[in-house]
C-alpha cells in the first residue's frame, strides 16, 4: 500500500488510528479541520482541510489507495450544521476519491443509521435504515452514496457502524462497547481484505450482550477479542430497574433514540457553487 | 380536509394533480419555482417559492393538513445542482411542516431509489436502497428523513416510488407504466387512508409485467386499473432482441441504471445560514 | 357427508351458517347453551349443551364427519369466565371429536390471536401469536391445540381468523370486514377441500384495504367477492383525522388492542373432575 | 423472430404448440423421435432426430433464435432409460444451442422437480429442489444446467414447471390444472419477454386452489385465464374423504410423490463417445 | 433486588436454583405444593401453596421484584390434571404478579412447546409453536400469556425453553443437554439483564450438537460453558443405528414427540369460582 | 460399525481418509479406478472398480453400513467425460447402496455446486444451486439424487460441500481452506451422528474469513479447529490489489467461476445397457 488518507485525524477515534495506519502504508496523510494534531508518526503528514470544501479535499486524495473517512461532527446538531461536514463532506470524499482513482473508502458509519430498531430485534447488517437523528441520517446518506459508487463505478467501501467507543459505565455499553483494540482490528480488516465491494459491518466488541449481528459480514474476518462483560458486575450493581417505556433503554440508538432532533431557527440555506472557471 | 399544499405544481405530474387535489380540500395551495401555473381551479391559489429556501416554504405550510410534495429537479444532474431542491427541499418540507403542525407528507419518490436491483428480483417495498443516480440518492435521503420524522415525531408520510409515468413506447414501460388515472388514484389513497405511519408504495399501474411488488403496502388499498399490456403487441413488434448484458435492460432503474452519474467541475459548496436574528 | 355438528348455533355468525350447513350434509346437529334456536332447517336437529362439559359434548359428536366450532363467549371477559367455554370447550371438542372419529374441526378463530401486530405489517398466516385479550389468548390456545392434534393424531382443523363480521361503519372495517356471503363461502371451502392438515386462514372479504395476507392459505381456494370499499366514501366522510398514537387505530386488533384485559376479583378457580366411575 | 425449434413436437403438449409457434416466427422446425407428425402448418418443417445424439441435434439448431424444448420421456422410468433423452438430451440442446448462437431455451420443466414439498407449503419458484422421481431429477438437472449457461455464457432460459396438463377429473387437478390455452399463453410470454435471464415459473392455470406461487416470476406477465373451479362441484361429488397419510394426497407431486422410483436390473451403462475425428 | 419468588422450589431444577437465587436478592421466598423443602438458605423462606389457587399465590408475590416460575407438573398427563398447575397456575402468577407490581417473570418453558419441529431444522426462538403434548401446550399457553402481559401491561418475562436437564446417557442428550451450571447462568442473565420485554431463549448448554438456535436472543448475553461432547464417545458406543422413521429420533421433542397424548376417562371439568364477596 | 466403503481411495482426499476410516469400522473396503493404493491399513482391503459400472460397484457394497463417496474426476472437463464417473457413478452408489441395504452415503460435494453466488452473500446450506462448471453440475445432480433417496426411500446422506483442501497460498484460500484434520473431523461427524436424513454442510475450517455459513447444519456438531488466518500476513503481503470485476475474485467458486466450461468436439454419447439376462 502506497498511500492512505485519514480524515478526522484530530478526533477521538481518528487519533487512535493514526499510529496503526501509519504502519500499513508507505505514506499516511492525516487531515482534519483542526490546526494541528501534534507529533506526527513516521510516514505521516498532516494537512488541514475542510471536508465541506471539494477544493481542499481533492488534492489530498491524489495517489491514495484508500481513504479512512472518520471526519464529521460527532453529535446531534441541526441539519444545516451537519450538512457541510457530514453530508457534503461524504460526497466530496467519494467524488474526489473517484476522480483521483482511490480504490476504497473505509467509513465510520454508526448504529444511529438504524437507531430506531429495537435492541431485542438483534438486527443484522441488512436491517433497513431507521435513523434516530440528523446525525444518523447523514450515516444513511453516506451508506447509500457508497452503495451507488460501487454499483455504478466499482469503487469499494466498508461502512463501520460503530455502536459506542466510550468507556463502559452504563448498562447499554455492556452490549454496545467497541474497544480501541477491536476498532483497530476492524479497520485493519476493512483495509486488508482483498475485495469488499460495498460492505456494512457493526463496530462492536465481542460482548456477551451485543445486540447486533455481524454474521452476514463474516467474510471480512473481523474477530473482536474484548468483552464488556468484565465490567458487568460493577455496572449492573450501580444500575436501577430499567424503564421499559424509555426509548433510550429499548432501542438500538440508546440516548439518541430519545433525544430531540437537532432543531434550529434556520431561515435559509444557500448553495454557493464557486467553481473555478477553466 | 381544510388545506392541502402541492409542490411542483408546474411539473408534468404536479399539473395533473391540481384538479383532483383542489376537490379534496377546502383550500389547495399550489407552489413551484415557476412564475405561473396558468388558470387556477376553484379553491386553488398559487404561491411561487424556492424549495431550497426555508423562509419561503415555511409560511406556505401554515394550517395545512397535508403536503403533496412533488417538487424537485426531475433528472440526473450533478450533486450540487440537486442539493438545493431535491435534498434541502425535502428537509424544508418536513421541518417546516412539523413546525406548522402538518400531519402528513405524500412524497413523489422514485424507482431510482432502488434502481440497481434486478428487474427479475421482483422487489418489494422492503428492498434495501440501491440508488442508481444522484437523483435516486435524493429519494433515498428523503425516505430516510420521512422514516425519522415518523419514528421521532409521529409525522406521517407516504413515499410513492413512481416507476415511469410517460407514454408506453418501449418494452421497459410495459412493466413500469403508471397511468395518470392510476397516479391520481394512488395519491387519493395516500391522502384518505386514516393512518399511514411511514409507508412506501410503488407507483405502477396494473401491468401484467410489473416488476415490483406492492403486497406489503396492501393496507393502503391502492388498486390500479390500467394495464400497459394493451400496448404490448405494438411495442414488442418494434423491439429487437434484448442485450442481456445491458444494465438499462436488466435493472429496475432502466436507462438511469446505465447513465453516468451527474458529474461536474464543482469546486466548492458553501452553506450560508442566513438565519434572521431574533 | 353424513353428519356435521355446529356449535354456537344461536350466536350471530352461527345462526347464519345453519342453513348452508344443513345443505352440505345429510344431517346437521346444531348445539348451543341457549334453550332454543327457533325453527329448524330440513335435516337439522338441535341439542342444548354446555361446551365446558365433556359429558354433554361427547355424545353429540358421535358419527360426525366434521365439527364447525363457533361456540364461545364472544367478548373480552375475565380469564375465569372464558376458561370454561373458550378454553376447556375447545379441548372438549377436539378430544371428544378424536374419540368419536371426527375427521376435521373448522374453528372460528380470530384476528385477536394476533391483534397486537401492526396493521401496516400486513401479517400472513404465519405471524407469531400476539394476543390482545384473554379472548384472543383462547384463540391462540385453540390453534396450538389444533396443531397438536394434527401432528400427533392426524386430526385436521382449519382455523378461520375472522377480522370483523359486523357492519362497515368505521374506518377500520374498510379493511377488516367479512361479509356474511364470504363467511359462508369460507366455511364451505374449509369443509370441501379434500385435505387441509392444520391450516390457518384470515376471514376477511376482498376489501381493497385488507390488512392481512392469505397467500400461504391459497390452496384452500377461498376467493371472497365482497369489498368494503363500497362504503368508503360515506365512512371516510364521517371519520376525523386518526390518532396515530392510539393502539386501536394502529394495531390489527383495533379496539381490543387498546381495551383493558378482562379483570376480576377472582380468588380461586377449582377444577372438579367428576369422572364417572366405570 | 426468424426461426424457432420445437422438440417433442409429436408429444401431447408439443402437438398443441405447433400451430401457435408456427405463427410466431418465419420458420418453425419441429423435431421428435417419431417418424412423422402429420400435416405441417405454414412455415413449419419437420426433422426426425434423437435428442440423445448431439450429431442429430446440432444441425437443427443452426440459425435458431430460440428452442422450445418439450422433448423427453414423460413418465417415471429407470434412470438408464431417462439418461439419454431427459438428461443428455438437455445437455445437447443447451450445448448445441450455445454453439449455434441460440439466444434462449424455453423448457418444459415440471412440478416433479419439487414434488416432495407439501401442497400446503404453497411453494414459490425459489423452493429448493425436491424431486419425487428420476423423471423429476432430470428436471432438476436441466434447471441447474440452464442456470449455469446463463451465469457463465449469458444464454437465457425459462423453465416452465408444469403441474398437470390433463383433464380435471380428480381433486388434485382442481389445483394443478394447466389448460391448453394457458399453456400457449405461457409459452408465448416465455418467448416474447425481451429479457428473461434464467427464470422459473409454474405452469398452472388461474385455479382457485392452485398450490404454488408465481409471484416472483411476475415480470414475465403470465396471466392465466382458465380456472379448474368450474369442475369442482362434479369432481368433489365423486371424491371420498382424503387419506391424509397418503403422499399422493399431501405432496405437490401427487401420484409421483408416492410411486416407486423407476427400478431396473441394469448392470452397466457405458458411454460411447463416437466423436468424429477432425 | 429486594425480593425474588421461586415457584416449584421442591422440584429437581427448582432445588438447584434456591441457593444462587438466595444470593441475588435480599429475600427469597420459595414456594411449592410440597410440605417442606428442607434446610433453608440465608435469606430464604418457604411458603407452601397451590399454584392453581389465586388466593394462595397472591399474597406471596407482595413486594416481589421478579418471580422465577418453575412450578408445574413436569410430565405428560391428561389435560385436566395439567389444567390447574400448568395452565391456571401460569395465569395466577402473571395476574397476581401484575396486581402486586412484579416487574418480571422468568419462566421455565420447554422445548416441548415446539417439539414437533424437526431436529434438522435448527429452529430459532421465532419458530412457530408446535407442541408435542398437553405438557407442551401449557408452555405455549404461558408464552402467549407472557406476550400479552408485555404488550398490554409492560410486564416483562423471559421464557426459558429448556431442552433436557438430565444426565447425558443417550444420543439425543448430546444435543439437548443443559447442565446445572449453565441453567444457573441462564437464570442469572434472565434476571440481571436490565430490560427484556417479552423474550424467549433455549435452555441448552454449549453442546457441539445443539439442535436449536439462540442467535435472536443474543442480547441476553447467555454464554453456556458446558458441552455434552465430553460424553459422546461413551454414549455413541452404546447407541445402535438410529431408526430414521421414529419421531423420537427425528423431532425436537424426542420421546414426547412420540408418546401418546395424556388421555383419560374424564367426564367433566367444572370451574368453581369461589370469589370472596367484598 | 461393521463395514465402510471408501470410493476414490487413491485420490488426494481419499488417501487421507483411509487410516481414520479403517479405525471406525471392523472392515474398510477401499476402491478406486487405480490399480493399487499402496500398503493397506489394518482392516482395510482394496478393490479396483470403475464407478461408472454398476456391475463392479454393486458387489463391493454388500453388507456395508455406509459409503464414503469421494470418487470422481476432480476437475472441470467436458460433460461427456464427467458423465460416467461423476454422474452415473453417483447413481450407481445410491442405487446399488439401496439394493444392498446401505444406510448412509457421505459424499464429497463441492462449493462448485453453488460457485456462482457472491462471496459477500455469505450463503448458507440452503442457497439455491448455482453451479459454475460441469464439475459443479455433477455435485448438484448428486445432491438432488440424495434428497430423493431420502424422501422416497429413507436412505440417508451427508453432502460435504468442500471449499478448498489445498495449501493456503492465495487470498481466496484464507476463507476457503479446509485442513486435513478438519476434513477428518467432518467425515467422522457425518458418520457418527445417529440420524442425518438428507444433510448438506460446507467443508471449511474455522477460518476468520470463511465466506459460507454452516449454521443450519449445526446439529451435526462439526467444530473445525484450524484457521487459515495463520497464513494471512504472508499471503496478503504477496497479493496485489484485487480486480473487483473478476468473477474469480468475487464469486464463491473462485477460478472455476471464471473458467470456460469444459468444451469438446463431442458428436454423440450412446448408452449401452449391457444388463445380464437372468
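In order of appearance the chains are A, B, C, D, E and F, and numbering begins at 1 in each one.
As a convention for this text, contacts are C-beta pairs under 8 Å (C-beta built on N, C-alpha and C of every residue); 3 or more make two chains touch, one makes a residue touch a chain.
Please read these numbers as outputs of a predicted model, since none were measured by experiment.
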Comparison of B-C and C-E by number of C-beta pairs in contact, larger one: C-E
Copies chain F and chain E - interface residue numbers shared by over half, same or different: different
Euclidean distance of C-alpha centroids - chain A vs chain E, Å: 43
Chain centre separation in whole Å, for chain D relative to chain A (CA means): 52
Touching two or more other chains - residues of chain C: 215
Pairwise touch network: line, ring, star, complete, or other: other
Complete list of chain pairs which touch one another: A-B, A-E, A-F, B-C, B-D, C-D, C-E, D-F, E-F
In the complex with chain B, residue positions of chain A that touch it: 52-55, 79-80, 83-84, 87-88, 91, 95, 116, 126, 128-133, 136-137, 140-141, 144-145, 147-148, 151-153, 261, 264-276, 278
Chain E residues within the chain F interface of the complex: 118-120, 122, 171, 174-175, 207-211, 213, 215, 229, 232, 236, 239, 241-242, 244-245, 249-250
Residues of chain B that touch chain C when the two form their complex: 65, 103, 154, 156, 192-197, 199, 215-223
